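Have a look at the structure below before the remarks.
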Amino acid sequence: MNDTERLLAIEEIKQVKAKYFFGLDNKDWELWRAEVWAPDGELHVPEFQAEPFRGFDMVLAYVSSSVGDQVSVHHGHMPIIEFTSDTSAKVIWAMEDRLFRTKEFPLYDGSTFLHGWGHYRETYVKTEKGWRIKTSQLTRLRVEMKKVF
Amino acid sequence: MNDTERLLAIEEIKQVKAKYFFGLDNKDWELWRAEVWAPDGELHVPEFQAEPFRGFDMVLAYVSSSVGDQVSVHHGHMPIIEFTSDTSAKVIWAMEDRLFRTKEFPLYDGSTFLHGWGHYRETYVKTEKGWRIKTSQLTRLRVEMKKVF
Amino acid sequence: MNDTERLLAIEEIKQVKAKYFFGLDNKDWELWRAEVWAPDGELHVPEFQAEPFRGFDMVLAYVSSSVGDQVSVHHGHMPIIEFTSDTSAKVIWAMEDRLFRTKEFPLYDGSTFLHGWGHYRETYVKTEKGWRIKTSQLTRLRVEMKKVF
């Protein structure tokens, strides 16, 4: 890539992740499928799952079922972006999330409010449709859970 | 626009919104007038007002009176930017705000602390002075209000 | 600088600050030394210190001792970037930080949790190794401290 191509790739990657957050907090799963994830994308949250969810359909089934009935707020910050080839990149995003659930959730010890801070460690791939998330691993520096009614 | 012109426009729009937040939380209304808003800019917060405030003077009269005596913290995140012409753009920003008021505020049910999360849906226009906010609509995913003394 | 060079400089400055935050919250001081600070960098937090810490070794001694045993979360937002020459820039970042300490901390009135919002006012310099932080001053709009056990 020349300089301009690299700058365009950086902007496109930022747009993809912006749509990740917008889709997640607005439950816009069509946006996720069309403009965010690679078809073979993987999501891994080690604190909750030993193995990644592999393939977009599995990722979506997990996420849509776990956040479906709640208000969620996920914000991303300050990416560290490193290109590993003209069509692949590694990115770390700082993040904060709040999950406001309407009923107790077993995954969070029965809590109804989760507040976390951490990092996404991701890889991106340039597909025929543009840059997409290939793998995403979320770890948190700290999580607070509360029972709020 | 060619690629470089589009990248420059993206950066300028980010600078405009950065100055929006800096001006808002530092009550720097001259910055708002000179570098942030189009003269015919509009602000709409549907949860509080049925109609937008139309024109910068009206926007400023409302905002400066409602945040004038408080500490406020507004942060913006992860814009989704779409150009609708060489001189116009649509942008969605994720946002979080905290308002720490010194006295009870009727608009917030008499609360003194407001904490919200949502999105700005905005349009930008390229004027003779550069890119400026033309319309801004703020909706929140969630708002919490408390009486804190 | 031409347009492309300026865009590249903006991206590099954002990468430097992203590594500042990542290094700070992951205690990766080698990253700080290698890719974030100029050797003669200065850090000043006026609410705590009358004079800046001058030189990277002094900055690191202060920061690593004051955050060494805690979980910290620092997020940066919406930079206002102004180049003062081809090799120097002024940047203001909005910020939020949370410090979760394991024991009472004299600097914070014996509190174990600090939550703040404010701005970094920084200068950057382009060295032989790339852009680096030359001076950083942190002021807060508001700070909340609590004793949480």
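Order as written gives the chain letters A, B and C; numbering starts at 1 within each chain.
One rule holds for everything that comes next: contacts are C-beta pairs under 8 Å (C-beta built on N, C-alpha and C of every residue); 3 or more make two chains touch, one makes a residue touch a chain.
The structure presented is a predicted model; accordingly, all values stated were derived computationally and were not measured.
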item	value
Chain C and chain B - chains in contact with each	A
Equivalent interface positions on chain A and chain C, same or different at half	different
Centroid spacing, where centroids are CA-atom means, of chain A and chain C in whole angstrom	26
Residues within chain C bordering two or more other chains	4, 7, 77
Touching residues on chain A, where the partner in the complex is chain C	3-4, 7, 10, 77-81, 92, 94, 96, 117, 119, 141-142
List of chain C residues in touch with chain A within their complex	4, 7-8, 11, 14-15, 17-19, 21-22, 25, 71-73, 75-77, 98, 100
